Amino acid sequence: MKLIFEKSVPGRRCSILPRCDVEEVQLPQELRRQEAPALPELSEVDLSRHYTELCQHVHGVNCGFYPLGSCTMKYNPRIDEEMAALPGFAGVHPLAPEHAVAGCREVLDTASRYLCQITGMDGMTFQPAAGAHGEFTGVLLIKQYHDARGDHQRTKIIVPDSAHGTNPATAAMCGYQVVNIPSAADGCVDLEALKAVLGDDVAGLMLTNPNTVGIFDENILEITRLVHEAGGLCYYDGANLNAVMGIVRPGDMGFDCIHMNLHKTFATPHGGGGPGAGAVGCKAFLEPYLPQSAILSEGEHLQVRAFNGNFLVVVKALAYLLTLGREGIPEAAENAVLNANYLMRRIQGTFQPAFDRICMHEFVLGLEEFKKETGVSALDVAKSLIDRGIHPPTMYFPLIVHEALMLEPTETESRETLDQAAEVFRQLYQLAHTDPETMRTAPHNAQIGRPDEVQAARNPILRWQA
Amino acid sequence: MGSYVPSTPAQRQEMLEAIGLHDFRQLYRDVPEEMLLRDGLDLPEGMSELEVSRTMTAMAARNTAYSAILRGAGAYDHYIPSLVKYVPAKEEFLTAYTPYQAEMSQGILQSIFEYQTMICQLTGMDVSNASVYDGATAAAEAAAMCRDRKRRVTLISAAAHPDTINTVRTYCYGTGDELRVVPVKDGRTDPEALRQMLAGGDVSGVYIQQPNFFGQLEEAEALGEIIHQGGALYILGVNPIAAAILKTPRDCGADVAVGEGQPLGMPLGWGGPYLGFMATVQKHMRKLPGRIVGQTVDSRGQRCFVLSLQAREQHIRREKASSNICSNEALCALTASVYMAAMGPEGMAEAARQCLSKAHYLAKALCAIPGVSLRYPGEYFHEFVTELPRVPEVLEALEQHGILGGLPVEGGILWCATEKVSRAVLDETAAVVKEVLSK
Amino acid sequence: MGSYVPSTPAQRQEMLEAIGLHDFRQLYRDVPEEMLLRDGLDLPEGMSELEVSRTMTAMAARNTAYSAILRGAGAYDHYIPSLVKYVPAKEEFLTAYTPYQAEMSQGILQSIFEYQTMICQLTGMDVSNASVYDGATAAAEAAAMCRDRKRRVTLISAAAHPDTINTVRTYCYGTGDELRVVPVKDGRTDPEALRQMLAGGDVSGVYIQQPNFFGQLEEAEALGEIIHQGGALYILGVNPIAAAILKTPRDCGADVAVGEGQPLGMPLGWGGPYLGFMATVQKHMRKLPGRIVGQTVDSRGQRCFVLSLQAREQHIRREKASSNICSNEALCALTASVYMAAMGPEGMAEAARQCLSKAHYLAKALCAIPGVSLRYPGEYFHEFVTELPRVPEVLEALEQHGILGGLPVEGGILWCATEKVSRAVLDETAAVVKEVLSK
Amino acid sequence: MKLIFEKSVPGRRCSILPRCDVEEVQLPQELRRQEAPALPELSEVDLSRHYTELCQHVHGVNCGFYPLGSCTMKYNPRIDEEMAALPGFAGVHPLAPEHAVAGCREVLDTASRYLCQITGMDGMTFQPAAGAHGEFTGVLLIKQYHDARGDHQRTKIIVPDSAHGTNPATAAMCGYQVVNIPSAADGCVDLEALKAVLGDDVAGLMLTNPNTVGIFDENILEITRLVHEAGGLCYYDGANLNAVMGIVRPGDMGFDCIHMNLHKTFATPHGGGGPGAGAVGCKAFLEPYLPQSAILSEGEHLQVRAFNGNFLVVVKALAYLLTLGREGIPEAAENAVLNANYLMRRIQGTFQPAFDRICMHEFVLGLEEFKKETGVSALDVAKSLIDRGIHPPTMYFPLIVHEALMLEPTETESRETLDQAAEVFRQLYQLAHTDPETMRTAPHNAQIGRPDEVQAARNPILRWQA
């Protein structure tokens, strides 16, 4: 595909703005830029066709199966988009006076009520713009809490080695030393390892439950109790909340604060990499530390971005929450778990689950043996799925499983889709035994073959140049 | 009653049985019995689509709809071309995840590569990332980028947006670094104060906003010289519409250019989603946080695009990463690209000139009213502060005309005029102000 | 100033020269000089997109926005699911022409084939065409279909929509055939009068509307028997929402089922675009006018779809064609398909039941007010006529509440209630009417 | 692709409507249908994916080049769609009281003013829903006119043999006998042939100018004079108006009435086969006969469909008209003609234009010789274009040129697009000489190969059945 710049023709343009209807003013010479920015010059028909061409080479969850583990790629409802596009929401200035934004307040208040109820928390902020941003906010709450008590010796955050990379990165951004503790074989917390590191230098623990291999940690009450006893707080990484929402609440597991990815659990679209929204909830004693906008509020507060956050994303999430309601929320969780177990069981017999037990909303295949047998890697299987119209699972994560493929079908896939996917896996399993070379060079029907990522990193070309 | 679960109750039962279970609760046998939510959620029943539509449309109607907006202060009401609304709403772009699988995501990857290039062309810088959350976090990420072992202090102009200052302060609080605020003189960053604050040799980076919060144009090039003389790096926060006609960050000597991308086609949306853009010069390329898309070739020798330089990122570096950002604002970056391409170089410059001209027209009309005057003497782009009495009455009267007036700031008003406001509305505004003040 | 010509002025000049010319006027050398528009068009200058948006948004704002609509009479305010608005707006569907090239248009062809099937399933008929312009023209086309050399007279019930009657009359005027109107008795087609009008043996087809213009349910099966006894063909015009629960046209004995498809997901749009649907039984298949999509196989043996039975159409038959229709309402047919699929069999029936129930609720509430009564005694679906005094005042008072009341008809009001209207609005309506009448 | 019915699962559904909030009423048993209609049962995710799949197999003009002759496939602007979707237009009931529809009236009045100015007519109706419907309306005006004068002996309409098939079909629908007159070799009216059929039994003439081979009839004033002298009226088929709008006006050519295709000339999208809008204009003396809605107006009038026509299509056309304005309208015409001539010249040397002269907005290639030489037909060339992403031209029309391919690029194609298309034609010309078999079996890269149309007509399958 040509780049948009390669379609540019000097002097070509769209007619967007009228002539200026007031006297023209010029900037003083010394403040002016020397020449107009070299943006592409195109007509509207060129633009329309360019972006149509690009979108034909994108696979969204509304277009097909997308079992990308830990990303909760559930269907993104159309009504949510329609609600967020209402001029009554989309056209509101963030600094409009309070009496003019009663509807926006109602959105945040209602969403907050739903999410507090789901998580078992007391307060909620929508300022964080993404999951990692929410983690950052959550750990800052912990830091503020200790600081406010003058408890300054707490310099460590405990993170299991099975955690997402954002957890340790977040702790570091908050100035904490990261203490990695090894997980048990099933990815659950090793209680002895935990006890060994707990002490009065521990600010808190970051944990996701169900964990990254899709297993619910049975010892969760004991874990949070131990951390609290040591004076630390417990942070819940909401990445896997879809498995348990409406069934069991992080607040009841003993967690003090939590972030959620509205663009995963609450069905707002991810836009090819954002915008998301990382709502953060906390127990009442942490509420005073929730972030606020400086320009919108009095007093000193933490603040992690301007204004009130990705508001229109919250509108979408609220439309989803209102739709599901008290029965729909646990129904979604139960069916996410059912779908994961069903797909795992259907695949079993060919590729092997890393853990042979009931899983939560996702499961991990370990392809180490398979690779030894056939020479076909997890990557090769992933790329072969592309040829068959299925987005590959998460590859090589979690780190504790070798040749891992992590599948999360979500509740919005039908039995038929799962059956078809299982059939594709079965075919690939056989193909690996009969024609491994085809898989090692996949994809064959995609727009491109495998990209040379090494060259991309070694000799970075990060922009087009004429 | 709403549900997006496609499998029918009968199918679900069969599926349960296929995995050897009889009811859903058995799926949760690892969860300690006493923790299960026995009485369910204390929430209303689910709604049908019609009810959701009715309920939320009613909420939206509770907000005041203004026919014209003369308020900026970090969020700007520009005209959004129709195509700019349409393209990012295509469900392929909208409902994809981060493009981890390049073979299935070339459309997104190419769109980001194009965005990166446009940001470079707008700012004059060499390298852009794929976006961060907003302008405030872009400033905070840039401050982190500039820090090294020896220099840990960040400076920020008091004329920056209050939310930017507070966000940078919060990020500094996280890492335990210090933020100091450079005072303002006559509505602009005080160059002498800046020079003195750099004297200690402990400053890593200085953030200046152009135009600044009061709409004033900073002497950005001169400030850059002072900053570099002080051994610090220069972070320039720019308004992307102004950038089409203002001296580029590169020409002002900036090491990192950042900004709030909302004016590039994003609706006001009560504050979000917005777009933080970040660009830097070649030598700081590997310090740039967040996602970056790079060009390479595929196994068939075709040009293609991939997420690149991932060794910088949190999933590789874990606690050694300087930022944890992964999801960014990709769809907003696409929106900005479509906007910049639809406007083109001439359209962008025209939009900027019209903002400039209309703001000056409004300022002149207001200052012709007895009791109204400009607070600051310097050049400005599309925002300016007037001194005037009876601020609440003025804003109330404008609201009666469907106009959202400027932002009240310490006894004055910070006004903003964009290309979207017609001369008729500007005249009407002046007339309303005049009437209120003559009462 | 607006233009969608992409080639730049410089390119245009080069292109002119490439064809051996120097200026544009030379392109028109065949046009007699004296005919050329010397002074150009007497029209305003072109507008930029922003101005068009501003101008037309202002026009739209000059229409009254009602929060609830209790008026039907041929156009019905149903809830349109979000997906139903989104799918037909995809530019692939939107900006394609008629699918002449099957290899490049399978998406459209399949969507029409699916539409045809759904119309058959809704009406119980065997064959549907790809749509005609609206319900009125569907009736006119059906009348033409029924005509043969001997029988040239068409009958239409006086209880049909006035626009349908007049449109059929106009089509008959075209071909020089006669239209006679069957009188109404107690709000329904008079069966005795019908029987008598058929006695002459010159009637080709009879059009009955179900529910009729007054909302009354005709005894459609009995009328069909009378029509067939008279040797004519039976055209039944049906409301497609009502059709989900009413006895099907097939079961009523209809030879042709037609109707206005607007209730199937099309906005009111001040009358259009709407959708005329037409379906018939196997034996009249080749008389069905307009486009029809058929299934076949391609050169590789795959199932595929094509425009079929084209030998019936005007481009083959020219003056021997019985209809000149080519463009129809394909995108509206797609809209209707998405609507029917989104609602499903249960959802369609539920919508119909709610229309029925709400209309009866409203009628009961209104008739509890002194001075208000039902005009007709028969069964009705979602429309009914009340007798009541002070019709203009009642409608004016409802308008003050943001409610568009029913249509004034000869001293009464023809009301309509759909599933979209809440009970609260129905109660409010009754309260307003009561208040006006008690003054 | 599976049909939507083949994806249906009993009991599956979307959640669109709430429970009924009033007492439920039942129809009497004798009026009820026996079972619910057998519509497909799907979830929203199924629907979303189904229609995404379908739209991926459609080529719209906003997606790529579409030089379908006589169809004026110009770019359909986005702003037009946005305006038509405004709730202030889309939500208006057609029977709302007059005071509530001032904006709608303004749309029709403004569009009428523009179109009257462009066509040189005095009155306009927007009731017709498509071009053929407009023809029907226009010829009915002629019929009403003669009838009102008691001039009942006029039973014939003259139609040139190069006319679109709708012209004779329309005349027949209006009860006229069609008199076909032969065209001259260039598709223009043969004056002698015309004179020969004129008389007091002629109601009128139907003509398009420029004609269907893209040539402006120089004798147009003479033609309309002759018809008028014989007491007939002249009807202008607006199919080719895009070539001359703002340059020369049908009213000034002597025509009495005209239909336009808003979905061609005025850039409203064609939706895969409608809705269009067939505005009909006429001189003042015909205005009394313009159609009206019976329910919206007093007195007796013609009426060709319910209410006021495809109003939202008129909104789109008006947005386009306002955008172009006085200079933009002739600019569009001139560039449509320029583009046709440029493309013809670029193709010339391989495929041969049927007429070697300056054309108007479209031109016809005659492939008779080429076919003799290579065995490759116009159809084969058309199908080979599909493989190269270009929608085929109109094939085998007009009938007076053998092996015709009729190309109309329109003004919204850029020079680059025309150059690329010319290059594709050049390649196909060569391919026909080196590998004709590949062309005779094209397309090869499309979703399907050539369909068996004979079987479709002989054994019609017009609906899915379980």
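We just call them A, B, C and D in the order they show up, numbering each chain from 1.
Everything below uses one rule, namely that a residue touches a chain if its C-beta (ideal position, glycine included) is under 8 Å from a C-beta of that chain, and two chains touch if they have at least 3 such contacts.
By chain, with names taken from UniProt: A, D = glycine dehydrogenase (aminomethyl-transferring); B, C = Probable glycine dehydrogenase (decarboxylating) subunit 1.
In this text the structure is predicted, and so the values were computed from the model without any measurement.
*Asks:* Write down the chain pair with more C-beta contact pairs when A-C is set against C-D.
*Replies:* When C-D is set beside A-C, the one with more contacts is C-D.
*Asks:* Measuring from the mean C-alpha position of subunit A to the mean C-alpha position of subunit C, what distance in angstrom results?
*Replies:* 46
*Asks:* Please tell me the distance, in whole Å, between the geometric centres of subunit A and subunit B computed from their C-alpha atoms.
*Replies:* 20
*Asks:* Find the geometric centre of each of subunit A and subunit D from their Cα atoms only, then give the gap between the two centres in Å, rounded to an integer.
*Replies:* The computed centroid separation for subunit A versus subunit D comes out at 48 Å.
*Asks:* For subunit A, write out the residues touching at least two other chains, lowest number first.
*Replies:* Within subunit A, the residues that touch at least two other chains are 9, 12, 14-17, 42-46, 48, 52-53, 56, 62-63, 75, 77-79, 81-82, 323, 412-414.
*Asks:* Could you list the positions in subunit C whose residues touch two or more of the other chains?
*Replies:* Counting only residues that touch two or more other chains, subunit C contributes 1-7, 11, 46-51, 53, 79, 81-83, 86, 90-92, 419, 422.
*Asks:* Classify the chain contact graph as line, ring, star, complete or other.
*Replies:* Contact map by chain: complete.
*Asks:* Looking at the complex, which residues from subunit A come into contact with subunit C?
*Replies:* Where subunit A meets subunit C, its residues are 9-12, 14-19, 42-46, 48, 52, 77-79, 81-82.
*Asks:* Help me check something: in the complex, which residues belonging to subunit C touch subunit A?
*Replies:* For this pair, the touching residues of subunit C are 1-11, 46-51, 81-83, 85-86, 91-92.
*Asks:* With touch defined as at the start, can you tell me which subunit D residues reach subunit A in the complex?
*Replies:* It is residues 7, 9, 12, 15, 43-46, 48-49, 52-53, 56, 62-64, 75, 77-78, 323, 412-414, 416 of subunit D that touch subunit A.
*Asks:* Hey, which residues of subunit B end up touching subunit C in the complex?
*Replies:* 49-50, 53-54, 79, 81-82, 86, 90-91, 419-420, 422
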